[in-house]
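First chain A sits with chain B, and in the next complex the same chain sits with chain C.
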Partner chain A sequence: MLLRPSPTDLRLIAHDLGRILAVVAAAGLLPLGWAIARGEWAAAGWFLLMIGTAAVPAAAAEFLGWGSRRQRVDWSHGLVVVALTWLVVPAVGTLPLWLSRHWGRWLDTFFEAMSGITTTGLSLVQDLDHLPESVNLWRHTLQFLGGQGIVLAALTFFSASGALSMYQAEGREERIFPSVISTARFIWLVSVIHGVVGVTVLTVDGILVQGFQPVRSFFHAINVFMAAFDTGGFTPQSTSIAYYHSALYEGVLAVLMVAGAMSFGLHHALWNRRRGLLQNLEVRTILTTFGILLAVTIVGLGTSGVFTRAAALTRRGLFQVLSAHTGTGFSTVSTTELSRWSGLAFVGITVAMALGGMSSSTAGGVKSLRIGLTVKAMADSIREALLPEGAVVPDTFRQYGTQRLTPRMAQSVMAVSLLYVGLYLLGAAVGYAYGYPLDQALFESVSASAAVGLSVGVTAPGMPVLMELVMILQMWIGRLEFVAVFALFGFLASLAVGE
Partner chain B sequence: MPTDLHPVVRWLRRLAQNIAQGARGLAIEAVVVGVLIVFAFLLAFVVVALR
Partner chain C sequence: MRTVVAFSFLAVLVVVPAAPAKAQAVDVSELDQNPLAYDGQIITIEGELIGDYGERGDEVWVQLNDDPYTENPIPGGGVPAGGNQGIGLRIPVDIYDPDLWGPPGSARYRGPLVRVVGRFRYHAAEASGETFVQVTDIELLDPARPLPTGELGTPGRTGIALLVLAAIIYAAARYRARPPRG
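Moving on to the complex of A and B:
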């Protein structure tokens, strides 16, 4: 029997959502400040409207004291808050996008905001190159908020009971420190240090190599940094990273993409000189898949004759594989050119997108730890079948120490991996039903579900509404890794039929 | 860390420590990318030469 949530439960959820909206309002100050500094007065008005829209319910929930009767907060409460957050925040975030009139219909702005917050990077913007700078900055800020974890951002400022469930519901499994707040602060520290270094180098490159004015160079650097470190993939210009024609720029972004796809636990281990990291199952898995898929893509591109010189083949091939495997979605080749990559190169990029980065990173996809554990579980089963009866197959693996792969853990890992495969196939089926070639429909579906953002041209203004809705759903479910979404559906069911 | 230091000095020391740790992390990430570049180039060179 389902228990209907009480009015107090609903108030608590509204209160937590209010606090998260307060963070959105605070984040809106960044593009507002930029709009004022650059004299984009109309855009400044749009941001004021958005900040007000976010701040009023936040203040109301606080003023009405809806969080004051916080008693027992169960696990599902946090999951529901997170699932709702990732619908409400993009809805509020659409306001400046919609008012800028660079999107065809409101649903396109919701798609854009969802793509931003889930760090996907697929875009339906029209005439991106003439979008007001502050609105462009807001697109990238959404990616930064989403990559860091919007709920995590709120937890940094507001302590809350149920923090652990909210933290884990955002797709982060490991706590680096015993306290979620300390873990959140460490994540911010890593981001700030990468940000300072990344933005400085990119700004200097922009000024010295590309001849940008300092302010313009800084604008590009900060946007591209947010999209790279948070494996988002939005760029300020329509030609993505090809716009910069700079090997140094691409090199810096490659480092930032790798950093973004690394788990924050690995960052902590590297910072503290922990030894034996190459023994970790997740590190071994991602290095192996990177190596294999890079080789597959390079061989595919080389044999198909797309590139005739080794240097060009290395530069384009490596950047695309890195972009796909880290879930970023930057591109140094045009959409048309990418759609012509066939055979092994197409397979290499698509599989790289599907696998994704590390767990507890800003990347999406199935994640390397699940891949490693799935392979280990299967290998153990085969070994058990081949060895004599009674032989013991060790069920341990290395991941920051020795851990045991229990049957329950193996089942859970395989279930989530299968759900991802199902999500990939769902979008491919819908795209195919609308008449897109199967390979292109699958590519775009994987790109949306694994929060990558590479496109072969299927995602475009005017795409079918149902397909757009399915891709929004894929981005939302894929980013939250299913559990929080299922909890929300259960909560809604208990509201409807609970007693 | 000594506790008899002025809070500002302690904060600065902590900041310097964090920057040093972050620099180490960034250096390792750059090395990983460097290894991938070398691996990709060698492979691309062989593929182009054999084609």
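Moving on to the complex of A and C:
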């Protein structure tokens, strides 16, 4: 029997959503300031409207006192708040995009905002190269908010109730400190330090090496930093990272992409100079899969005859595999060229996207820990079958200490991995049904579900509405790793038919 | 007579190989679709210089766009007509003239429209695999022109009104939540 949520439940959820809208309003000050500084007055008006639209319900939720600490907060509230957050924020965030007239229909702006906040990076923008800088900055800010976890931001500033469930519902499993709030603050500290260093290095590189004007160099730096560290994949110009024609710039971005795809637990361990990190199952898994997929892709590209020198081939192949495996979605080749990568190169990039980065990072996909645990569980089963009866197979693994792989954990890991495979296949089937070649439909589906953003041209203005809706769904579900979305569906069902 | 023929023959031998190869007029889409067919060829391409002039020593890198927005960008009243199409140009500094051309294209400017002659290089081995046009000649067709940046307008005024409303509601919430006196 489903229990119908009480008015108190609804008020609690509305209150937390109000606080998250306050974070959106605060984040909107960044592009507003940029618009004013650069004289983009129309864009400044669009941001004022968005900030006001977010601020009124946020203030109203405070006035009505819906978040009184006396009221009960449970696990499901947190999950529902997170699932709704990732629908409400893109909806509000579309306002400046829609008013700029650079998207063909409103659904395209919602797609863009969802792609931003889920750090996917697929884009339906038109004439990006003439888009106001402030609107461009807002696209990248959405990626930063989403990558950091917008709910995490609310936790940091408001110490919200139901913190643990909201934290985990955003696809983070580990707590670095006993308190979720302290963990959230550590994550922000890591991000700010990377931000200061990353933006400074990119700006200096832009001025001294690329020959850009200082303001433009800073503009490029702050945008690509947010997209790289949060494994987002949007870029300020239409030709993605190929725009910069610079191996050095790509190198700096590669470091930021790797940092973004690392779990914050690993960041913490590295900061504390903890030893034995290479023994961790997740680290070993991602290094292994990256090595294999890089080799596969480079062999594929090498046999294609496109590249005549190993250095050029390695540069392109390495960057693309890194971009795919970290879930970033930056590209140094055109969409048309990427669609021509066939055979082993296609397999390498697609599998790298599907596997994704580390757990509790900004990357999407199945994630390395699940891959490692799945392989271990299967290997243990095979070993048990081959060994004499009564032989004991150790069921432990290293992940910041020794842990046991329980049957329940193995089932859970495999279930989520299978759900991802199902999500990949769903999008591929829809694309194929619309007449796209199966390989391209699969590539784009994996890219959306695993929050990567590489495209072979299927994602384009004017794509079928149903397919666009399915991709929005894939980005949303894939980023939240299923649980919060299932909780929202359960909540809606109990609202409709509960007693 | 024999001398004239001999000189004519010699002239042909000298002049013909030295004459520049005829540049093929192409667009970015064609280069993107068939890069190997044009690799190393002299091409002519027209479009808008966009983004940034990257001044790197004795050459300048800039992107040339060849898409529906080169004449009429969206901020200038154009309508959405798909994505951008661009390719990198590598321009020797001695034919680079930003004062004459004006700023590259952005939300504030429709960039200069130019006709470029140069050699197309696809994943050039000597340039770490970059794809670009090594420009040998550039002709300005139309200098950059400013685009309207608009005004705050109705969205801005509505936004300010909403912010004032939010501030009043929030102040009322704080007032109501203050601890009772005594």
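Quick note on the criterion: the second predicted complex is superposed on the first by the 497 of 499 C-alpha atoms of A that agree within 3 Å, B and C clash if a C-alpha of one lies under 4 Å from a C-alpha of the other, contacts with A are read in each partner's own complex, and residues count from 1 in each chain.
What we mean here is this: a contact is a pair of C-beta atoms (placed from the backbone, for glycine too) under 8 Å apart; a residue touches a chain by one contact, two chains touch by 3 or more.
Since this is a predicted model, take the numbers as computed values, not measurements.
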Classify the contacts of A:Thr303 with the two partner chains as first (chain B alone), second (chain C alone), both, or neither.
-> first
Determine, under the contact definition given at the top, whether A:Ala242 touches first (chain B), second (chain C), both, or neither.
-> second
Given the superposition on chain A, which partner contacts more residues in chain A: chain B or chain C?
-> C
Is A:Ala311 touching the first partner chain B, the second partner chain C, both, or neither of them?
-> both
Is A:Trp271 contacted by the first partner chain B, the second partner chain C, both or neither?
-> first
In the overlay, answer first, second, both or neither for which of chain B and chain C A:Leu294 touches.
-> first
Mind working out whether A:Ser417 is in touch with chain B, chain C, both or neither, as first, second, both or neither?
-> neither
Which of chain B and chain C A:Thr200 touches, first, second, both or neither = neither
Scan A:Ala254 for contacts with chain B and chain C and give back first, second, both or neither.
-> first
Between chain B (first) and chain C (second), which does A:Leu189 come into contact with in this model arrangement: first, second, both, or neither?
-> first
Both partners, chain B and chain C, contact chain A at residues 307-309, 311, 313
Would you tell me which residues of chain A are touching chain C in their complex?
-> 38-53, 55-56, 58-60, 62-63, 65, 99-104, 125-133, 209-213, 216, 220, 237-239, 242-243, 245, 247, 306-309, 311-313, 315-316, 334, 336-337, 460-462
Provide the residue numbers of chain C that touch chain A in the complex, in ascending order.
-> 32-33, 35-36, 50-56, 60-61, 63, 65, 67, 69, 73-76, 78, 80-86, 88, 105-108, 110, 123-125, 128-132, 147, 149-163, 165-167, 169-170, 172-173, 176-177
Under the touch definition given earlier, write down the residues of chain A that touch chain B in their complex.
-> 189-190, 193-194, 197, 251, 254-255, 258-259, 262, 267, 270-273, 290-291, 294-295, 298-299, 302-303, 305, 307-311, 313-314, 317-318, 322
Of all residues in chain B, those that touch chain A in their complex = 18-19, 21-26, 28-30, 32-33, 36-37, 39-41, 43-45, 47-49, 51
